[in-house]
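Two complexes, one shared chain (subunit A), two partners (subunit B, subunit C).
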Partner chain A sequence: MRCFGKIAAACFLLLVVTNGSQAQTPGTPKASHYSLQNGLELVVIPDHRAPVVTHMVWYRVGGADETAGKSGIAHFLEHLMFKGTEKHPNGEFSNTVTHIGGQENAFTTSDYTAFYQRVPRDKLALMMELEADRMTNLKLTDAVVLSERDVVLEEQNMRVANNPNAKLAEQIDAALYLNSPYGRPVIGWRGEIEKLNREDAIAFYNRFYTPNNATVVVAGDVEPADVFALAQKYYGPVKPRVVIKPRVRPQEPEQIAARTVTLADPRVEQPSLRRAYLAPSSRLAKKGEDQALEVLAHVLGGDSTSMLYRDLVLQKNLAVSVGTYYNDSVLDMGSFSVYGAPRPGVTLPQMEAEIDAVLAKVVANGVEAKDLERSKARLIAESIYARDSQMTQARWYGTALSTGETVDDVENWASRVRAVTGTAVRDAARAWLDKRRSVTGYLIKTAKPPEEKRS
Partner chain B sequence: MRCFGKIAAACFLLLVVTNGSQAQTPGTPKASHYSLQNGLELVVIPDHRAPVVTHMVWYRVGGADETAGKSGIAHFLEHLMFKGTEKHPNGEFSNTVTHIGGQENAFTTSDYTAFYQRVPRDKLALMMELEADRMTNLKLTDAVVLSERDVVLEEQNMRVANNPNAKLAEQIDAALYLNSPYGRPVIGWRGEIEKLNREDAIAFYNRFYTPNNATVVVAGDVEPADVFALAQKYYGPVKPRVVIKPRVRPQEPEQIAARTVTLADPRVEQPSLRRAYLAPSSRLAKKGEDQALEVLAHVLGGDSTSMLYRDLVLQKNLAVSVGTYYNDSVLDMGSFSVYGAPRPGVTLPQMEAEIDAVLAKVVANGVEAKDLERSKARLIAESIYARDSQMTQARWYGTALSTGETVDDVENWASRVRAVTGTAVRDAARAWLDKRRSVTGYLIKTAKPPEEKRS
Partner chain C sequence: MRMIWLKLFAPRTAAKSSPRATPPQAASWRMTGLSVAAVVVAFLAQASAAQAVNIKSVKSPAGITFWMVQDASVPLVALQFSFEGGSAQDPDGKPGTANMAASLLDEGAGDLSSEAFHERLADKSIEMQFQVSHNYLRGTIRTLKENQDEAFHLLQLSLNAPRFDAPDVARIRGQLMSLLNRESTSPNYIARRTWWAAAYAGHPYANPTYGTLKSAPTITVDDLRAYVKAIFARDHLKIGIVGDIDPETAGKYVDEVFAKLPVEADLRSIPEAAPKGMGRRIVVPLDVPQAVVNFGGNGIPRHDPDFYAGYILNDILGGSSFSARLNREVRVKRGLAYGIYSSLVWLKGTALLFGTTATRADRTKETLDVTADVMKTLAADGPTQAELDESKSYLKGSYALGLDTSTKIAAQLVQIQLDNLGIDYIEKRGALIDAVTLDDTKRVAKRLLNGGMLTVVVGKPQGVASSQ
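Moving on, here comes the complex of A and B:
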């Protein structure tokens, strides 16, 4: 499964788990954090339950770092990284992983691109050798690039063009971000993907794929000192190709006008609504504000005991589903989303009015103490359960270090959730549930297929 | 008056006149079009009614050519071009123009930046000398740049920040263009203007202010051959500083979802609605399609005999004003707009439903033959009257040559309007009055001032 954060449903689910699980379990060994001479960062998370290891390489580059007009190149390059080097030609890396019973994949978001393998622990050195090789020796021909471009176009077709929900999500992002590159889809606009070529790919590779722009995360049945020695052996000799400058992207102007987006499509069986408010990422939030927003999201719509679910699904019977999520794992401004699907016979405006009434109540009065405590306990518990997944653990650290956060931020997440007060949740709701900084998207069914058109 | 196309009301009026007046009056001498060795283009339009001359320099650079994150630099540099050179220090150029009884000004849009003087005809050589000098010898110090930045910030404050209509227009553009830089305001986002500095200005100047990126338009009591000789003398020696590449900007993806933007402001006395549809510029339109859209705009909402005005203002008494306009004078995708203000007691949705009914009628049935003929005659007549203004004439040519059109396009505009058929108008309405490619903006009054907020 390759995925780009804002689009793929499967990845979204994974990210939800990720967000809810950044806790330091008492007794869990902390991560060790190193920097190599060439600028590469290394995080090692010991996990001795099984003789396996998860090896991830995170590049601090994503869709938001693309040149305008070249959307999709970050994700395209993720694909091309599997195309081989002089020493290890096309297919060899993947075949090796399969042969040793491992798993591998990669994903791209607006802010980072990551590659990983889950393999028997004695194969870690081999994985490092292969990743270090493709960090600097990637070989791309026109034939390889153009044929992979067709693969990406087909992926866009499957994931977005034929998926009304994903199309609406793209349109909401495009309307939510007035200036930030987060308004561009990570997979790219189709018309721009179609024009990407070998020169674009090589330029992007040379600009961003360099050890001083990468974090290696290793979780598993290993000792930090041993992993550090291996990393020095394999990654140490890789020379930085460029100086990496701070990632300063266009920022949002003050948002002042509520927006809506209506997508009508004949394939829609279930109308739905999704509203995204601009909200601070963890990096940009005031101290404790990101955890307060996380708790707010859980109290409002985190599960079947949440305020929105109780009101709209259980009591008033207006919706078949309703929920919220907070995307704080980005470098620049993130978002706080509310979504719902009405029961047959209920219109989107009727459902929306009821959602608005619940949100207005929280903005006015805050949340109830018992809801607050239950949500905090639940978030902390989930973060402990999620430690159970080696992959998920490795992902927290990688995400944090790729979006301006620290190892400390990851390890203190649970204690920061514990410290969230009712006042902080109410203040976060007041500050950020402001329609003037929001886009409301409606997905509705059309009777007939869209007409032919130009644009 | 300095203006940037999308914002200033005064400029907008001027542009409407401009659009409606690109006709070749029988007997009017045609323009002469030259290229100098250094790449500078020259257009001369003889006009012997008075011993004056209008001299304009058009640079093919505007807000859409800025680097993301540096919005406003094109317009800022327009201001800085008045700051003097070694030979003609700060203020000398403007003082000279005033002293000889002339007028001068400048304007910036998404696609071009232009400077002009209207002076006695014997001062043309002097104007050329001064413009050629600042084309290459501009001198900028930190003190000058920073103090002018305050002037621009104050301009933004007056024109946009304190003007709900202009704020809504910015928000509509930001929502209409999903990928094109036309979504950025020409004056810039305030937070980005605040950070522009001398280095940004000099880099922009060196990249775009060069004879091979400029068109000089001279209209007035002059002979083309004499003007050509003068241009060779003054502009000929200016060396190109860079190679100018084709202006390839990010294009719009297929637009698939109708959008709305609601701006609420306590200063709004008259609620209003404005809808912008993505529509082709003259450069991108099919043959005759831009004139068909121009006629459509006139039939629908060009004056008090138009369909929308008759229906909403005269017959149904729902609106105090209603109108349309078509912006085709851009390099990339333009827009077709419909706007209206309801009478007291009429809601925006009521007025909008009636506007939609009129538009639907045109999409279904086209326009009536007598409306078509009256609008065509009116547009052609206006284009002849508008020739009366030397400045307006010079502007057509400059705009055309800065947005991918030709002298021929300007001079054949009226005959192309004459050729528009009812079928072409109906087809243009069907192709482009598609809500999925539109943004509808609502301007409404709020009772209380907006709260304090962060973004």
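Moving on, here comes the complex of A and C:
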């Protein structure tokens, strides 16, 4: 997601809809890629600027791999992974990380679940030992599971239920994906989260948490060969416990009808709109098409020199903010979004008509050479800026390898951006800015509060 | 959508990073909440970082002192600077002036219109941001080394010749009011505003940094110019530079940007003030399923002899580690909230211990009771030796992790100067933490936690009412 402008308002529409559309930009530092006998993959990215290391374990499982009716179990299990094993009981892992002055966290998306620690470099072996242990030895009690379920319900309250923008985002996704499990929120539908239990968590764990379904990414002040040796020592002995089948999920049928959803809430003081088009992920895109869409997103709405901002905010004074967002970091069909918030006195339809006019212009005529070059330069620069952050680098590789891409795809990203032509951008716009494959979401104010139904 | 970064628990630092450099995280929510309130400190420092961060203090040809770290491993340059004089300098009745001025610094300067200025930045992929807190206006740039000439030139224009053209002022005012409109029904914003307005009634800190829907339309171009004229000066200027740049080149750029500014700022003094309303509870009704809670009381000034004891005590009470007492009792044991945190905050003339959580409406009372019990017990008995040892170990060890990007290091160079901690602070810091004894933390626990808190609850909490 690209939030720009100095004012947070420019970003608000997609607060929850975060994504690393730029999550594919690394530049020069070459990663080493290994596979262990048990199927575990390992990526090592040397970064010697500080004596620290980032250690991440990425499981190729996410919300889209859930059984229908059990939405939220992937994310819930992510929480429960901190609840201990026989060898390292509840709390020990976290306390160890604290004790050595490290940081840890985890995150879940539709396609992957990842756990990480940032620690002094000499603690890498210890982190590997602990992660390898919880890969297959998790122990859960009902008491721990039920209490943590309450925590997740509060997380859902905080991220979604308390926030009209986030509620709309869920509805847009549900309408955009007619058949793909991407229509389900990663955190789950509240009524289903409330029923998840220990058996669900363990069943899910047993299906997906195994070395042959994981990628370990290590970035930091380390040498690849040393890390490989450590990985063999700690992860090597973990036995694969299940055969992982290809991730074949229900795909989108041909979409033939533009959809709209409207969320009305008494708390909406700034109306807004977001349109999401189905668009190919990097895995599904034709060669170069994903980079063309990335450039298109930047030219249209990447910053305050973009076409939409110039037209709607600067020239016609219709909007206070506009932007775009291309989500290609998924396994199945991704999305291309355009969003905006009208200035007072302008209606959503008025603003939408102007957005449509700008999009139509690009579809008809393509983009200007100057805009093309500026956006390409900016995207390529991001690959250099990215090298300034160990976490960002580790995330790029982890995301790519968990969504069907390769190390080469990551490392060739900048050169592929460089190769994008004006024709390719225009063709991408023609192919994917098709309203029949879109949902337009409106956030508006209601006069009286709706009944909050909470079970 | 797809990549909701569902965090297990949110990081506690409120350090602001470039929106584009880091993949966005849902946790930024919390940070947004806090960053408006104040400089929240929870940072960062550590012994092993000392090896990696070799800080030099440099004097430019024109005599401006700046700190820098030269590091050629990535071809980029990051700079942060601060002027003293944030929103606490807003004219009476016009809160939001400083913030609006800062928002307009890259909207046209010198001969360049707003559009031209942004094109110049974009053509060279230069990132430029300005940010206002209660006490400071901070600016940050990040540029590829090959574009540093242009980056410093544009920064020079923005600070020495901002235009404040009428259409640009109108547009930015509109964006700010859009933000304020949106925040006017956000439980987090309402909680924060209510807390600060009550705790600092009659003091500049009561005023919102972003201004209000009432004040924003009244701020004139003259107000913006007057703010810039009063604040942009060299006497309280702090600068940190990090990246692929040598001291001589950096000094040349520092002079280009800052040497022509007036020598002295014209600052009004900030009265000393302790937060008011200790023991008081304010409930603001709002139709949301989850109640948002802010609580705060007396903190500990940065140069207080017991500062490090307070720093450790806060970590034990409400730091980000899983074993922090509030987290243990509220989240882990009872599942009452996704997170509960406290931080030390220090501003000119005041210091706070400030905490936040968000909890289900039907168990808000329980959350408040548990939180109060945790503080009461900690005040009575102090922490255990094991907690003290663990906290020291964490606070020492984790410092380096906060220094993982050039922009963050530049920000830290500025913060160390603002706090007047000395250029050897990073090396000293471990010993300062180690020197804290269990008795120190017991003493400071009574000092910080015995006075009660001002608590604000926004939502529809059951069985919880306002009190005096």
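We adopt the following convention: the second predicted complex is superposed on the first by the 422 of 455 C-alpha atoms of A that agree within 3 Å, B and C clash if a C-alpha of one lies under 4 Å from a C-alpha of the other, contacts with A are read in each partner's own complex, and residues count from 1 in each chain.
We adopt the following convention: a contact is a pair of C-beta atoms (placed from the backbone, for glycine too) under 8 Å apart; a residue touches a chain by one contact, two chains touch by 3 or more.
Predicted model, so just to flag it, every value in this text is computed and none were measured.
In the superposition on chain A, A:423 contacts neither subunit B nor subunit C. Set against each other, subunit B and subunit C differ in how many residues of subunit A they touch, and the higher count belongs to C. Of the two partner chains placed by the overlay, only subunit C lies in contact with A:162; subunit B stays clear of it. Residue contacts after overlaying the shared chain place A:147 against subunit C, while subunit B stays out of touching range.
Of the two partner chains placed by the overlay, only subunit B lies in contact with A:260; subunit C stays clear of it.
Contact with subunit C, but none with subunit B, is seen for A:120 once the two complexes are overlaid on the shared chain.
Residue contacts after overlaying the shared chain place A:79 against subunit C, while subunit B stays out of touching range. Judged by the touch definition given at the top, the superposed model places A:137 against neither subunit B nor subunit C.
Where the contact sets of subunit A with subunit B and with subunit C meet, they give residues 454. Across the interface of their complex, subunit C is touched by residues 1-12, 15-20, 22-23, 48-52, 75, 78-79, 82, 91, 94-95, 98-111, 118, 120, 146-155, 157-159, 161-162, 169, 172-173, 182, 185-187, 266-270, 303-305, 310, 313-314, 317, 320-321, 327, 329-330, 334-335, 341, 343-344, 374, 377-378, 381-382, 384-392, 395, 449, 452, 454 of subunit A. By the touch criterion given at the top, residues 68-69, 71, 167-168, 171, 174-175, 178-179, 181, 183-184, 189-192, 248-264, 278, 280, 333, 431, 434, 436-437, 441, 450-451, 453-455 of subunit B touch subunit A in their complex. By the touch rule above, subunit C contacts subunit A in their complex via residues 1-9, 11, 18-26, 28-29, 32, 46, 48-49, 51-53, 71, 73-76, 78, 102-103, 106, 114-115, 118-119, 122-125, 127, 129-130, 142, 144, 171-172, 174-179, 181-182, 184-185, 187, 286-290, 292, 320-323, 331-338, 358-360, 390, 393-401, 403-407.
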